[in-house]
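Have a look at the structure below before the remarks.
Going in written order, the chains are labelled A, B, C, D and E, and every chain counts its residues from 1.
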Amino acid sequence: MMSKDALSATPTEAAGSNTVFARFDRVGKIFKLPGDRQIDALEDVSFTLGRGKLVGLLGPSGCGKTTFLRIVAGLETATYGTVTIEGKLVNGPHPNFAFVFQQANLMNWRTVLKNVLFPLEIRGEVTRASIERARDLLNLVGLHGFEDRYPSELSGGMQQRVALCRALVYDAKLLLMDEPFGALDELKRMEMHDLLLDIRLRTGVSVMFVTHSISEAIYLSDTVAVFSKRPATIARFIDIDFPYPRENAMRYEMKFTEYEHEAGRALGIAR
Amino acid sequence: MMSKDALSATPTEAAGSNTVFARFDRVGKIFKLPGDRQIDALEDVSFTLGRGKLVGLLGPSGCGKTTFLRIVAGLETATYGTVTIEGKLVNGPHPNFAFVFQQANLMNWRTVLKNVLFPLEIRGEVTRASIERARDLLNLVGLHGFEDRYPSELSGGMQQRVALCRALVYDAKLLLMDEPFGALDELKRMEMHDLLLDIRLRTGVSVMFVTHSISEAIYLSDTVAVFSKRPATIARFIDIDFPYPRENAMRYEMKFTEYEHEAGRALGIAR
Amino acid sequence: MILDRVFRAIYPLIGLALILAAWQAYTQFFAVNRIILPSPMDVLVASNDNFGLLLRHLWPTLLECVLGFMLAMAIGVPVAVAVANSQILNLTLYPVLIAMQSVPKVAVAPIILVWFGLGIESKLAIAFLVAFFPVVVDTATGLRATPKGLLELAQSLRASPLQVFWKVQFPSALPFVFAGAKVAVTLTVIGAVIGEFVGSNEGLGNLLLTANSQLNSPLAWAALVWLSLLGMGLFGAVALAERIAMPWAKNGGH
Amino acid sequence: MILDRVFRAIYPLIGLALILAAWQAYTQFFAVNRIILPSPMDVLVASNDNFGLLLRHLWPTLLECVLGFMLAMAIGVPVAVAVANSQILNLTLYPVLIAMQSVPKVAVAPIILVWFGLGIESKLAIAFLVAFFPVVVDTATGLRATPKGLLELAQSLRASPLQVFWKVQFPSALPFVFAGAKVAVTLTVIGAVIGEFVGSNEGLGNLLLTANSQLNSPLAWAALVWLSLLGMGLFGAVALAERIAMPWAKNGGH
Amino acid sequence: QELTKVTFSLDFIPLGRHAAWYAALGEGYFTEEGLDVTIIPSQGTAQVMQAIASNTAQLGFVDLPGVVLAQAAGTDIRMVAVNYQKAPYAIFSLANGANVTDTKQLEGLTIGSGAGSITPQVIKGFMKQSGLDPASLNVSNVAPPARASALLSGQVPSIEFFIMSKPGLEKGAKDASTSLTTFLMADHGLELYSNGIGASQAFIEAHPDVVRKFVRAALRGWKFTLDNPDAAADHQMKVVDGLSKPAILAEIDIVRELVVTEDTKKNGLGSFEASKMEAGLKFVTDNLAITGTAPSADKLYVEGFLPDEPVKP
């Protein structure tokens, strides 16, 4: 179980850190539809994300995970509630963010390498070293030789990996990822897990990611947050008590299976 | 292990049926790139698919699974080799096919229901009954109440479910699905599994689907075909010896875990 | 929603007011000779004095524009389909289309008169010729931009070419069809006027020419203003049709 | 690839040949009077006899077209950006744009002459006015069709409006910018001719008018044909620029 | 009795100068002759000739230089009556500007004219005739709609128009607090028949009676107009929109100068002399760039279609 956040009157729970990186306070979202109808996507989501922590979000399809991530990124405005990051209220995208979208979202007029370099171009950080870094990342995700191909010539999983590189190519303080490994085979997926953990270790980036894989969430996260059905609110926090760096072997530990069951139950899966 | 196909000189293996529905004979695909470069995507893929059988395709990202499925659907032409379906050589899309694309591929100008009805419109089969069926399917995948929404108002997983309904709304003899459940949470995914098996049982449709989930492949399939790295060829066939209808409990049987290990090994995952 | 509608009505008026203000200021400040450029006031007076006359001549021009536009769409869209779907037709037809487009219509008017006579047909022909090209280019570009996945979906269902067009390419290209239509509809006004210049007894273009020849600038500019308003009205009608035809594009508009 | 290039050269020639054949057949079969429509042969002879003359007058017209086109792009694209990104500017500016578009340029020529004089400026102004609208409408439509996801990506990187435009919206809208450019470039030919009609001592439009007044139909039609060829050349240049600018769109073409 | 349908093309859009044709229509003169006449507008000489050559119109208000050019271009259009005995080509300038009142002032003058007009060549011919150097005339191409503005705004010191534009220009000049100076070349020695009734030789041969009847009715219309300008204006305004009565009356007054001459007082409206036709032809062939071969003088006109009893003004 997690320590209550002393600063907050609402029952928020720190996602496992000493210093607070981001705080979400009763965040809610209602989509207005034509004809006075509406969709309640999020309801009263409250918790805090510790600096350098990794939080995995699980939840039923269509519950509001993407919406939540987008609100945190400042791409969508909450209908009510507040998001505070490093003490500042979020009301639009802020610097040192990286977002991996649910769709690969590549520019079909740019080659793979140029797609990866896009954030650096925007930030005016294209240097010989940063290009080298982009190439390294592409190698790490297994796309060596595809630097000069266009996205339309890649497979779905390859596109997703390009999008991943694009988010990792610059030093973001917060990494938001929406089902980043969903289209990858297990082997690639595991490689990506280790890559992500490695980068987190080196840079101290705080991470929130959405996934539908319970074991992925457990393997990667400090804390797993399970969302309820729509309107999504947080049904359960699960602190994952494995040390970093994590080993593949941990997947076969009893505790891992217990975590899996706990998450499964929170998701309503009877095992 | 599978019975050799007596008709073929090459080592093809029947995907577990008495009567042959489709035969793939040394199918290969080479993508030509500018500047005399090329990508070998498929190499000598040979096997037969029995009528009413369910074959799951596993393989590393970017190996050529989508390409293979597209060749079978007649959307892409093989560089060499042949695909024969019901005795006829495939050289273009043929009737009574359904294809679920890796991307949801919805028409943003049509509502959810209209998207599902699209195949029926094309085939001139829109009747009161078929509309009813479309609505039923939408209910079954959990999209009740979203019939009149536009795709842009749906979550990623909801879009994928619409695409699924669109493929199931008419009676296809062959169902080709490219990572159809990739964006769904586990619970929804299991529901979809049972829906698919149920439909297969009722209609006798033959199914080939791509997935990155080993357990999903085993749970659903008569036979699992594991592709090798690019250029993809079939590294291993695994006949799944569980009876239909399948029960969730089977996931916890020893045999299931053994199959998982076998597939994992074929994919190069050390456990 | 209601506020939105108010905005939609107010901002264009602001735009118009800006033109008028600039115009009035210019004529006043530089004391421009009325024959060169009458002031908006002069034009307003002329427009008011000749209201019946202008109205009477509005109808034939309006008719020419509407019919010419419909003709341009009815022929332009199929040509665009041909051109978008066949590289051979594309390469073969384009020179013909460009020839039709880049030839000054005034210069070929005599032969058009010979072919179509002095009735509305010749004006339609010219309005059509003028409006046709943007429809083809824009529609063809839009059709070519149809997402490949949707085409493959239709293909996998063995949709007929007509179905592919009506159910996939056309709806997908709609924003661009409408872009072409908007350019085209304003061009038909020019086309109708050219047609009326060349040979006609009625229409705002005809009136404009008559007024011009008498150096009756206020009336000529009144006709011009009416022609502009006609253009705006036609454009607005197309923009409205777009909003209605594309309910899924929420901030569609022009 | 080589075959492809041959096709690209051959099919347009077929298109042109078709026009010529129809034209020749018509004049021959109906024994059309030369003053109304000279035969292609007459025109060829006139074109050959007056080659130097036509060539001399081609340059000013070409210059007017190219400069007018560049002006239309240079002003049209920023206006499209404004209009595409701001609903208020959109609603306010459009009436002004449509007014500019749907007013017959010949009729406003007097004031244009007063403002810009008899030099190349007035021709540029008219070529610009004629070509400008399609650039705005098409570019704005293209910009609005930028995939939302890419805009959000740029937004999440806090790209400046200028970066969003240059790195996201513009490349994404390129096919439509080029569609607008293609329509515009052929319209500049018309604009230049109108400009030359209104006041000029050189250019193919001027030559056309002179030949017409002398009832020298073959020369007039030779000028017309040259104008068409000019239009095709300009269109071809834009289409080529498109192929070069969009290497990722393999079957780009026009 | 069945009326014969005839289409008559004006040389321009209908303006006050054309009141006579509408008077003939309105007074029923054409109907009396058994003709059902449609009057169509055009945009200058070239278009009239094309209308006649293509049989869009059977008769037209053609000018002598135009006929020479049209015949050189291979048509067989001829004149059967001459209405404008004097050429209407006029040079306008501002009193406080170029103020052209004398032929000599044409030397070195810059004039706004049209590339689509033969007038510059006529002016140059006139200069040559008057012993001046035609090359010294600078012609700036300014389209008709822009010409008044060009003069009044000082873009060009002088412009060329038909004399009928005088009233409108005068008004503009007054607005600019100056006055207009008009120089009608015909008043300074230019001898050139201008517009009259023309038709193709083929039509004339096939339907001589139609031509004869048309000419007779039209000339009566002219006489009526000269006698009753007010009523003629009313007739025209009934058919043509956008014309103001004062403008029509002013134009009729000007046209009177071109139509009523010593010759027509003697021989009747529409009459012409072979010698003047020949002089006109010579003037045109000498001064206008002609492609093709110029016709001989006797091919320019056909005699015998004027009324037996001259219609005298």
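The working rule: contacts are C-beta pairs under 8 Å (C-beta built on N, C-alpha and C of every residue); 3 or more make two chains touch, one makes a residue touch a chain.
Predicted model, so just to flag it, every value in this text is computed and none were measured.
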Identify the chains in contact with chain B as well as chain E, in label order. C
Out of C-E and B-C, which chain pair has the most contact pairs? C-E
Taking the mean of the C-alpha atoms as each chain's centre, how many Å separate chain D from chain E? 38
Taking each chain's centre as its mean C-alpha position, how far apart are chain B and chain C in Å? 50
Suppose each chain is reduced to the average of its Cα coordinates; what separation in Å results between chain C and chain D? 17
Within chain D, the set of residues that touch 2 or more other chains is 36, 106-107, 110-111, 114, 197, 212
Which chain B residues sit where two or more other chains touch them? 103
What are the residue numbers in chain E that touch two or more other chains? 46, 50, 54, 145, 148-149, 153
Give the list of chain B residues in touch with chain C in this complex. 73-75, 93-95, 97-99, 101, 103, 105, 107-110, 118-119, 121-123, 150, 152
For chain D, which residues count as touching chain A in their complex? 147, 149-150, 152-159, 163, 167-168, 171-172, 174, 246, 248-249
Residue set of chain D touching chain C in the complex reads 7-8, 11-12, 14-16, 18-19, 36-37, 87-88, 90-96, 98-99, 101-108, 110-111, 114, 133-134, 137-138, 140-141, 144-145, 175-176, 178-179, 182-183, 186-187, 189-190, 193-194, 197, 205, 208, 212, 220, 224, 227-228, 230-232, 234-235, 251, 253-254
Per the touch rule above, chain D residues touching chain E in the complex are 33-36, 106-107, 109-114, 117-118, 196-201, 206-207, 209-210, 212-219
Using the touch definition up top, name the residues of chain B that touch chain A in the complex. 31, 33, 39, 58-62, 65-67, 102-103, 142, 149, 153-158, 161, 178-179, 182-190, 212-214, 252, 264, 267-269, 271
